[in-house]
Amino acid sequence: MIIHVGQGAEESEIQELIRNIEGAGFGVNRSDGRNRTVIGLIGDTSNVTENDFAKYRIVDGVHRIQAPYKKANRLFHEDDSVIDIDGVKVGAENFMVCAGPCSVEHEDDMVALAQKLKATGANTFRGGAFKPRTSPYAFQGLGLEGLRILDVVKKETGLPIVSELMSTEYIDEFVDTVDVIQIGARNMQNFDLLKAVGETDKPILLKRGMSATMKEWLMSAEYVMAGGNDNVIFCERGIRTFETATRNTLDIQAVPVMQKESHLPIIVDPSHAAGVRHVIPSMAKAAVMAGANGLQIEVHEEPENAWSDGQQCLTPDELGDLMQSINMLLDIEKKTANNQQVIQQ
Amino acid sequence: MIIHVGQGAEESEIQELIRNIEGAGFGVNRSDGRNRTVIGLIGDTSNVTENDFAKYRIVDGVHRIQAPYKKANRLFHEDDSVIDIDGVKVGAENFMVCAGPCSVEHEDDMVALAQKLKATGANTFRGGAFKPRTSPYAFQGLGLEGLRILDVVKKETGLPIVSELMSTEYIDEFVDTVDVIQIGARNMQNFDLLKAVGETDKPILLKRGMSATMKEWLMSAEYVMAGGNDNVIFCERGIRTFETATRNTLDIQAVPVMQKESHLPIIVDPSHAAGVRHVIPSMAKAAVMAGANGLQIEVHEEPENAWSDGQQCLTPDELGDLMQSINMLLDIEKKTANNQQVIQQ
Amino acid sequence: MIIHVGQGAEESEIQELIRNIEGAGFGVNRSDGRNRTVIGLIGDTSNVTENDFAKYRIVDGVHRIQAPYKKANRLFHEDDSVIDIDGVKVGAENFMVCAGPCSVEHEDDMVALAQKLKATGANTFRGGAFKPRTSPYAFQGLGLEGLRILDVVKKETGLPIVSELMSTEYIDEFVDTVDVIQIGARNMQNFDLLKAVGETDKPILLKRGMSATMKEWLMSAEYVMAGGNDNVIFCERGIRTFETATRNTLDIQAVPVMQKESHLPIIVDPSHAAGVRHVIPSMAKAAVMAGANGLQIEVHEEPENAWSDGQQCLTPDELGDLMQSINMLLDIEKKTANNQQVIQQ
Amino acid sequence: MIIHVGQGAEESEIQELIRNIEGAGFGVNRSDGRNRTVIGLIGDTSNVTENDFAKYRIVDGVHRIQAPYKKANRLFHEDDSVIDIDGVKVGAENFMVCAGPCSVEHEDDMVALAQKLKATGANTFRGGAFKPRTSPYAFQGLGLEGLRILDVVKKETGLPIVSELMSTEYIDEFVDTVDVIQIGARNMQNFDLLKAVGETDKPILLKRGMSATMKEWLMSAEYVMAGGNDNVIFCERGIRTFETATRNTLDIQAVPVMQKESHLPIIVDPSHAAGVRHVIPSMAKAAVMAGANGLQIEVHEEPENAWSDGQQCLTPDELGDLMQSINMLLDIEKKTANNQQVIQQ
């Protein structure tokens, strides 16, 4: 951590700041330039924040060098983590394809859909039992009945289940029923919820908050891991920008950048990023070539009759076409991975 | 709601869409242009979403005209709402000044600080018992002990208490102790929490999410009000933009725009917007002239020793100076309000 | 175009507005809802702006349905445009690979580099003679001497030349020397420059402005085309968002969205989007699968000695590796294009 | 400037980097932490860019401490600059009120309007002769005839003239006619234009680019000043964010932050920030209390008949009301400035 001392600071004030830094257990590297003094902290700064030093009146700025996340940090865990979802692996060479409707609907339709999805090569099933909706007047999901239906889907198809948990209230039911607990974008910094799922041993699919920086996203993973649960999978689903032609802006660069920073797997959700279906297949393929460890895609037998988000659903047939392309791309990735040099930095 | 039908839609598809719209209880206004057809819905569209129609393959775009919020909408409640905080009023001509430290600290210090703040003219006391922190390794607040201290502060000073609730777990303790339940920016779309506080009768201070549009913010108020609690106060605290010179960008235009859309009061928090103290006084005064119904400002006796966020705290003396200016400005506002015409639209 | 009349408008005011609309040559579709009146304009609205109607005091909002661009609009030009760059084609099935250094450097080094790039499969050479630099104290490019060197490169290698024009002052020299005039992100709305290059017959590489919406970008192409020059190639190079882990956020969704809106080709520049080299290869491959019509990539023999932007340069060898992958991907794209259905809307 | 060396760098590579830094004339402060090495540069870094060091493969990040602007920097020019606009002063205690229509219209109307504006207290007149319009099909301004009319306005009223220059082509005519050359938001990084106006001695009104950081804005001022023209006035006119309820987001915090960084005056344009007239008066007053050195406001006798941007125009009467409030606020500012302490940092 680097502390810039503002102009006009008295030497006695600088000395006091240095004593406080040393008192907190850090070594100090002081450098006096022509116009200002810079103080470097030596030691493990992951437990202090920039604000711990920005609060001094003589301090003009604080710049962090060591990342504040440890368990999620590739620096201390060089190999890719591989997460096991009831037998389906994700991470390193293992690719996750999570498909299903936005909301859980009628039991028979869900089972029929899941069987079709499985036939295309999808290896996990998604469906929302509890739905975060902008309007209090919109359909809020089937609730516990939705969980029951997801359980039937799993029994009938063998596909592991991914579903979103919105509050700690139903955490026991989720632990009993689903294979991956999804934390939605709006709850990425619901720290109480993160702590609660950190105490389970379920894989956590941690969606990126709409305006979360990658650093904040890594810190949210750190919350889960600090509780003892290392099974975190990131999911990039688009960020909010000035552009309104699509619902969100898919930050595809997040894939290689997060993989450089962290050993945890990262998948991509093109449905929520785009908000319109014609964009989904090209983005799914782009995500594969970006190096993503999987995809989450909304699929519905009849998008025009979906209970929610039909405008961003593929049909099972469209997913089938897409899966053919994806498999070819994954083959190319494996072939070229062996022949080509890695570009550093 | 206006639906744009894409080029190439068959007449039979348009007819089917119209039947579905009429089946949902709406009147239809159809307009055929040279290149495309536009369908207007006639009726109350507050219970349908854009996506309910965007999901049709022949639909190219959906544009909402009627706002999706009703209870928060000034259209149906022309006069300013005035919220009563245990005797302190906010809204219309009534100005709220909420001051206090980021985190609740030692009891004696809190009482002494609150007495000073009251002397400057502050009429409510803020302090965080539970703190949302980006890092799991940072100080998370005193918890229930913090609530106990806030209770002492109120008994000693008479100042109503404002404190942030982070999850439904402690809602009973908050209802028993605090006078205003604050919903933080990160929880603005924690819908389960909004529903829970909507079932209380406490005033709710609803901070704007870091990347929430004003429409989404209004919809979050609607969640609270749909539960029966009409006592919502908005708090603008800065939004996330590309600019990093300040922690957030204070969206001061939100004050007049929200007041045009809604009858609910709106206050401004310059501390969290700026993230640096030298910006706070000018922004507090700007907020008054923007027409805000109050301010929330972090204050600490010794900012350099604050347990959190000291870099954005004023001292009680600095707040005293600021309050003198603010009182002069509020006087001017009252004087000119009577003499000047209102600018429409 | 849809005009929302605000509540409280007098019928006489609405009638006057309608007369003005009709006076401007438009048909009118009026729809009276419970709370407000909506007026639809019938006719070609590409020559009017939203502001032409927003200025009326009774008007609460204006919503455009017909796109304001005509020449760039796929609606009136269904087939993909193919641009001819001195024999190298871009658009439809034709893929452009434009490589070279940020700034033009020594003549011998440029020729040697271009020869290597040509060997990898690159089909155009880029190099900046005039450089837009944030700081007036930074190297501003070799200027006309740079153009002379680019001319030598073309003579020695046969590669068409792409270079950025920053002002109308040197337009004649650019027309004489380069094969593609690049308009940089900072000049995307330098309308005088757009008009000037619209009067040439050179292909124009129109980079997206850092905060330009896709609509504004299309309108900038319209400026060029309105002057008679239809040879516009879009280049997505990243937009500015709150995320600072990369220099810009590559808006890869812009590829399919722009291709749906416009018949003009679009290429992707991962170097400027990322700002760091390790991200470039995966993003280049992702761009191919997104459906881009080409790539622009910065390459330097020794990035650490580049005169500018070395941190985002590949070496010729790294480009060679990348080109092998890209060629495999382009093959897959061709194969699957024939077998798979297109997803509408 | 602080350079972070990545993990895994060889000592010999670090040594070579240090030799290169020293070769460029800087002193070096090296600090070896547990996981990484940090190198501080000692000396004047205003002429080097972060990229000059980021390009080394062993370098993981570069962090600038000394600001890259010198002439605009308050560090080297402690007192507020006061710019003289043909007798009207702006900066320090001197407040500029620049009012007028978006576009120059008929001569008689312009003169009549200017006389009314002068009577309200406005001390400069604005009007666009050349208009940057998003659409090539929209009205582009009267051009040189507009300049002629502005000249008549000045002769008739004595008000100094502010008008936007869009390209170097008409710079001589602007120098002959106008008193302040305005550089519009879209041209804030049109570096050739900045260099050209830097060679004149006219005051330059430098509008902030829609997505320009304050640092970039300061660097654009530096471009003008590097040419010898120190008469730069900043104008905050709103930045582009995700929020669409207003045309732009007025970054009012820019006022105190820019004033801390620079000695140059800064004014605020609420018309372009808001894009709707009802927001303008409250924002104008907020800008005064934020400490702005002036305002630019669009005014038209009949906004509904304005040739452009009528939706964001006040009438002269509305400006008159506003000026009364502003004068009261300026009085308060002067009174309290003497009594209150300044808050540092």
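Each chain gets a letter, A, B, C and D, in the order it is written, and its residues are counted from 1.
Convention: a residue touches a chain if its C-beta (ideal position, glycine included) is under 8 Å from a C-beta of that chain, and two chains touch if they have at least 3 such contacts.
In this text, all values refer to a predicted model and were calculated from it rather than measured experimentally.
When the C-beta pairs in contact are tallied for C-D and for A-C, the bigger tally goes to A-C.
At the interface between chain A and chain B, two copies of one sequence, more than half of the residue numbers in use appear on both sides, so the contact is built from largely the same positions. In terms of their C-alpha centroids, the spacing between chain A and chain C amounts to 31 Å.
Chain C and chain D have CA centres that are 27 Å apart. Annotation for chain B: residues touching 2 or more other chains are 57, 59, 211, 240-242, 244, 276, 344-345.
Those residues of chain D that touch chain B in the complex are listed here as 211, 213-215, 239, 241-246, 249-257, 260, 273-274, 276-283, 285-291, 314, 317-318, 321, 324-325, 328-329, 332, 336, 339-341, 343-345. Here chain C touches chain B in the complex through residues 2, 4, 6-7, 29, 31, 33-36, 38, 40, 42-44, 57-61, 63, 65-66, 75, 211, 240-242, 244, 344-345, going by the rule given at the top.
Touching chain B in their complex are the following residues of chain A: 46-47, 49, 51, 54-57, 59, 68, 132-138, 166-169, 186-187, 189-193, 195, 210-211, 216, 219, 222-223, 226, 240, 276, 303-304, 306, 308-311, 313.
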